[in-house]
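We call the chains A, B, C and D, going by the order they appear; numbering starts again at 1 in every chain.
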Amino acid sequence: MRKLIRGGTVVNASESATADVLVDGETVVGVGRFDGVDAEVIDATGCFVLPGAIDNHTHLSMPFGGTWSADDYDTGTRAAAAGGTTCIVDFALQMHRGGLRSSLEEWMGRAEGAAHVDYGFHMAITNADAATIADMSSMVDEGITSFKVFLAYPNVLMVTDDQYLAVLERARDLEALTMVHCENGHAIAHLVSKALAAGQTDPIHHALTRPETMEAEATGRAVRLAGFAGAPVFVVHVSCKAAADEIIRARAAGARAYGETCIQYLFNSVDDLRRPGFEGARYVCSPPLRDAANQPHLWDALRLDHLQIVSTDHCPFNDEQKRLGLGDFSKIPNGLAAIQHRLPMLWEHGVRAGRLSPNRVVEITSTAVARMFGLERKGWIGAGADADIVVFDPARRHVFSCATSLMNVDYDIYEGREVAGSPRLTLSRGTVVWDDGRICTRPGHGQYVRRAVFDARRL
Amino acid sequence: MRKLIRGGTVVNASESATADVLVDGETVVGVGRFDGVDAEVIDATGCFVLPGAIDNHTHLSMPFGGTWSADDYDTGTRAAAAGGTTCIVDFALQMHRGGLRSSLEEWMGRAEGAAHVDYGFHMAITNADAATIADMSSMVDEGITSFKVFLAYPNVLMVTDDQYLAVLERARDLEALTMVHCENGHAIAHLVSKALAAGQTDPIHHALTRPETMEAEATGRAVRLAGFAGAPVFVVHVSCKAAADEIIRARAAGARAYGETCIQYLFNSVDDLRRPGFEGARYVCSPPLRDAANQPHLWDALRLDHLQIVSTDHCPFNDEQKRLGLGDFSKIPNGLAAIQHRLPMLWEHGVRAGRLSPNRVVEITSTAVARMFGLERKGWIGAGADADIVVFDPARRHVFSCATSLMNVDYDIYEGREVAGSPRLTLSRGTVVWDDGRICTRPGHGQYVRRAVFDARRL
Amino acid sequence: MRKLIRGGTVVNASESATADVLVDGETVVGVGRFDGVDAEVIDATGCFVLPGAIDNHTHLSMPFGGTWSADDYDTGTRAAAAGGTTCIVDFALQMHRGGLRSSLEEWMGRAEGAAHVDYGFHMAITNADAATIADMSSMVDEGITSFKVFLAYPNVLMVTDDQYLAVLERARDLEALTMVHCENGHAIAHLVSKALAAGQTDPIHHALTRPETMEAEATGRAVRLAGFAGAPVFVVHVSCKAAADEIIRARAAGARAYGETCIQYLFNSVDDLRRPGFEGARYVCSPPLRDAANQPHLWDALRLDHLQIVSTDHCPFNDEQKRLGLGDFSKIPNGLAAIQHRLPMLWEHGVRAGRLSPNRVVEITSTAVARMFGLERKGWIGAGADADIVVFDPARRHVFSCATSLMNVDYDIYEGREVAGSPRLTLSRGTVVWDDGRICTRPGHGQYVRRAVFDARRL
Amino acid sequence: MRKLIRGGTVVNASESATADVLVDGETVVGVGRFDGVDAEVIDATGCFVLPGAIDNHTHLSMPFGGTWSADDYDTGTRAAAAGGTTCIVDFALQMHRGGLRSSLEEWMGRAEGAAHVDYGFHMAITNADAATIADMSSMVDEGITSFKVFLAYPNVLMVTDDQYLAVLERARDLEALTMVHCENGHAIAHLVSKALAAGQTDPIHHALTRPETMEAEATGRAVRLAGFAGAPVFVVHVSCKAAADEIIRARAAGARAYGETCIQYLFNSVDDLRRPGFEGARYVCSPPLRDAANQPHLWDALRLDHLQIVSTDHCPFNDEQKRLGLGDFSKIPNGLAAIQHRLPMLWEHGVRAGRLSPNRVVEITSTAVARMFGLERKGWIGAGADADIVVFDPARRHVFSCATSLMNVDYDIYEGREVAGSPRLTLSRGTVVWDDGRICTRPGHGQYVRRAVFDARRL
């Protein structure tokens, strides 16, 4: 049975048009006027019909600081679909020296049969020994075409610059993309020690001990070493002007350097960490939330394509988990719950506020993500594309709240904030996952997606 | 009667797909699989189906240095169509103080009933007196939403910085885009005088007296004054790294500064001006052709969207006209014939050479041009778009030559060069203009296009 | 009869020492311990013994806007000596097309027999026609080794960029230094017109119509064209960070670009132009006084030698003269009275405030000035130098006031401000000019100084 | 008995004069004309009389890679004096965790009674544990007011960024200067491993595995972290434009960042490492010698004060020692013998070649060194200064050679090269050390110099 999404405004990255979208099975087969077609009709009059958003930065069922992020692949992807996200690329994390295979299997196992939307994996390398480097090609064979390293979190996740360089070189040879968390781990460790020794234990000190300089320094180092290796590089979660400027500088010199920011850096600020009680702990993530003066620069960077993507870095922890850091901010699990909120927030504050066109919002949440990470059948609405589609109703008012959130967290960082529009319907490969308040799929609808190798010419 | 372009690879700026394109009258009504549709079928198997290219920088029937550019709106648009260009935005030139209306009418009169593809106009302001500034709004009313000024050619076309600023401010208020030719006219005049006084009269001295510094200086000045005025600005024909760097620097700081290069700066160099006899005169344009070392940087700038467009600055003169500058390079009419060559050259040296994707070539020759200059129904293939379509056959070998050129010039700057692919069919609003070697339309098929106001969010 | 300045701290640009200074006639013949020497002893115990300050930017008896600057070479140099300045380089101004000679003679005539300290001239070129360019060598023959042009004041003083380039090239060939007033004259004229048309006539609009951008743009243009010409360039009266940054950028790339600021940009701000009544007019100069946020950057630039000199741009007008601009700020004569105030103000706010060492104050007011402008026997205290010496008493309290000013102006811009130290004694070529409140010389003591050609290696 | 150096041209950093220099005991007591003075006369007619050069970067009796640098404090300072250097600041190296005292004593012991010219020490911190940080104040008490860290040589000398930051903060509080060797140790280790694994064992691979990027990256990081700490920083041995540019960028933003280059980076290049046989090993130092295209930029940086000092990094090894690295370039002891060569080479290629004035050569080899490192009585010739004086004869031809070298090395890197002038006489605190080919002092004449704390205003 075919579906016809009728009468909406189809918004792709580079054009908009009033048109019908014809879906046959899992695939879009036509965009245009289809008057006498035999198909189940979905009326999209007055709505925007968007390619499903793709979130390339999520951490579901992720071990961190002695606990686990609170969303698994079931709850996390329900929330994703409710927010208009039809594909995620999650991070598998190397847990053992000497290779990557077993870690991938662990993550694959957790996701299998659980997800409501499609998913892929990046592989985060935490120990770039020779065997691990050698194992990178087998990851690419599995469709894992991006690798991440951390320049932060010494003794836990951080790699030294020799390891980073080894990853860059091998990824380059495999036509894979290297992603990098840019904060100077050692310098931050020094500042954290000083703060704790001085009795500065509250959540705000998480931000004060991870200053912008340390992100900017590591970003500059990361793009420079990538340039040396002749490898493309993607800087994750750029939080501030100083860091963005390093990417801009590299690109001005012709480098294949790319970056994303996340919604929390556009909509939250360091002031959130000063909230009374221990509420500030909810806003602890790394890099930390910054002075709000950075936000206009991040919008500019998105407008001018200095940054290409907005993701969420979704990594939720409940209040109880956050309380692991009571009396020692350095023990607060890092992460915010945001997977459901990206598209409504960007539409409200991007499109409605006049900062970005609907097309650009589609580009930074879907099209560019698909191109960057090799999701060949996703990121646009057109013949041949996966029927990952969102019917976004600009008049479907939404109030953010624990009550309306499908995320498995006992608070909401935007509690009580309201937006004018939100997704009414979300299709994943032709199947309705989210229908105006209800999840319609069973766990396991979402499938693993093999990703194509990196090609800078797509960007 | 509808047309169905069947089986080709439809290439838009942000995606490609194998699909049919259904055209009803002047408009695309669907892209997808259309199996039982009643329509004239155009077989595009093995071909790319592209949105028609748009050339935003042409000078047809243009008075310059006591003569006229050799192509009129008939011959020029025939050549355009043969090269896959289905729309041009030509420059009307203010000829009289005190207003713009009569100049527009003059240009409108020349174009009317002559063109084979659609056309619009920019208005070039050469005397920004108060009445002229006041008249700008009437241009916008006519769909002329971009204005050009020259910082070069003192006493002929050049405006002083007060005039430039007045144009920027008024254009900003009218939501129009200011375009600017960036060379320091006075400084160049000094260098030209010195050269002529020293008996340096050959064509090469055209280039030597217009050094990169003078373009870079004027570019820096232009984007800075635009930033001061809070006005968007488009730098035409960026020829070298030093000038591109000024745009990059402005954009790095968040400015709404844009730029194009032209094919001659990608494929020709200053060495062409040293050709024996007076052949170098054929390659005289301003800014002049540069050292070839600039070319990789221009490709980089296109790849990273530091420059958004490749146009032609088509302004052809025959050898006899060029000989006006025998014995005095400063009297050589400025301009090259290139309107027919853009798409085949960019496909060969961009796509086939691995520098750019087909999508990016579509973007820089069509989609971005349409967005930049407010051509709302052009620049992509999809429901609702004008059926301006090129069937580009990657196996249709083409040899550049006076013999194969439809341009009204008695030589060809790429004579004898060969490319693997070229346009087989060009449709303008649903009508076949170019069919594998033959022009099928009569003069007048092409119509004037009113353009929408500028919106930076489209870019 | 010899003089022995005994027991002070001799401060040169690169070292300080407690030592005696032995003067024989007009010249220093030794610095050290001179116990049994037969000489008139000047006790300098507890004082600093400084090389006389040199002011390279003064306008005495200068015609401007239909009036004359209020100090002539007698009154102006009295005030200079009282403030510790023992040499000035004033601006002669080309008054006629076709050459410079008559203008120099006019200025020479006004200065001759009038001055109390030595003086030289720069020649300001306002019309760089061929005869004028040819005449530059005769200026160098007279010891005029620096030429100034204005990129501001169209139709009055401004040269176009071709003229500027001609001056740069000729100066380079003559080993002379080109000085340049950097503001975009045309763009400012536009802003002035708009303001007046809008009824914005108060002094503050002088500043608002000459924004930092226009100085920065012209500075960038000036250093770039100088770089093109291979000529050294000196930017006068840098008022703001944006302009200083252009010099810094040029120097970072290896250019021979230099600059000064003036004391008013360190100690006054745009707020002074908002003073009630017409008092703001006293603070009208060009470039205008800026937002105080620029001041720390100017101090930084001085500390790091990005700027090499602090001068005064002394160009005094009485209230009555300022009132020429009542109802039209553009008619207010431009200039402040500052020639007497530089050294005490810099000592107080530079040395005493901990920003600069005594050595650096000597360097930026004397040593670097002498090197920049070819005053071979001035700028330091040592054997062979002119005995231009200041005994600066750090405990000689001074209150700025019309009552204590020797300048020929009926107000003082620092009225009532107090500093801890000031010059007790000023010697010019061995003769005491200023002795603790009294001028001891007759007009004519000061002599014309021929200056050596420019040599970048001195700097 | 007093000494009178008569009739030479006394060259200080900011002026030159023909004058006599009167020395009483260890101190200069006067500069000027001293006709009837009772003193031993040293005729300096036709010569330049310079303040003794100071070499702030030497490694005498230094353990490295299982061997010792070949010059001790006797031979090394003889050579220094012969080359016009009258003071060195050598590096003491922390040899044990938990403090600095014992290491200082070890170095003090080796130097005591051995040197012919005065000496001080920097303390190199290789393990910045808490006890070591605490011990820094005791070093300052001893007159050790500069500390060095290495960002290169992991597992041997390198500190991590947390340690570097701890040193910066403590040094800042003690008003001491932090010096830093900038190369990315980890990244280089990776490149070295790859090279050795590929059988690339020759000396040239020392250079190829330490590319400019790795120095530039570490330099950028070093100045940025120093800026964060609010601490002044001195980058040692800047070898290339890319690294210098990082310092320039920091200074352009107002940072207290300083740097030196060494003569080998001005006069040698990477090509020296390609010399046949194992001769290339003689030229192995870190950072390595670079492509000669860097040299003009280093000269520019010296001319414009972007770099403030030229030192030698003297660290000599004989051929036999260099052969420790036969078959494995990474085992070649790092260092060149240059302590004797600095002044003659800079005079020849700086002054005689027209690049620098005699004053600037004095500044970068003596005056600025004294100011940077708190040698209060050294760095100029004037009353009150130590009588560290060089009579430099511009006509005293010198041929570099093992035969004329006093350095304890069995080859000379400039063997056979000739310069027009050289030091004829070197005085250390009034005593002749070097007299036209002969060392006149006994070991122990040179004394330890306590240095004053750092003061940015001196620079």
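We take it that a contact is a pair of C-beta atoms (placed from the backbone, for glycine too) under 8 Å apart; a residue touches a chain by one contact, two chains touch by 3 or more.
Here the structure is a predicted model, which is why all the values come from computation and not from measurement.
K.L.:
Going through A-D, C-D or A-B one by one, find the pair whose contacts repeat those of B-C for over half of the pairs by residue number.
P.N.:
A-D
K.L.:
Can you give the whole-Å distance between the Cα centres of chain A and chain D?
P.N.:
51
K.L.:
Would you mind pulling out the distance in Å between where the CA atoms of chain A average out and where those of chain B do?
P.N.:
The computed centroid separation for chain A versus chain B comes out at 39 Å.
K.L.:
In whole angstrom, how far does the Cα centroid of chain A sit from the Cα centroid of chain C?
P.N.:
That pair's centroid distance is 59 Å.
K.L.:
At which residue positions does chain A touch at least two other chains?
P.N.:
none
K.L.:
Of all possible chain pairs, which ones touch?
P.N.:
Contact pairs between chains: A-B, A-D, B-C, C-D.
K.L.:
Could you pull out which chain A residues touch chain B in their complex?
P.N.:
These residues of chain A touch chain B: 10, 12-15, 17-20, 22, 28-34, 245, 248-249, 251-252, 254, 297, 300-301, 303-306, 354-357, 359-360, 363, 367, 371, 379-380, 382-385, 455-458.
K.L.:
Residues of chain A touching chain D in their complex?
P.N.:
160-166, 184, 186-187, 189-191, 193, 211, 213-214, 216-217, 220-221, 224-225, 227-228
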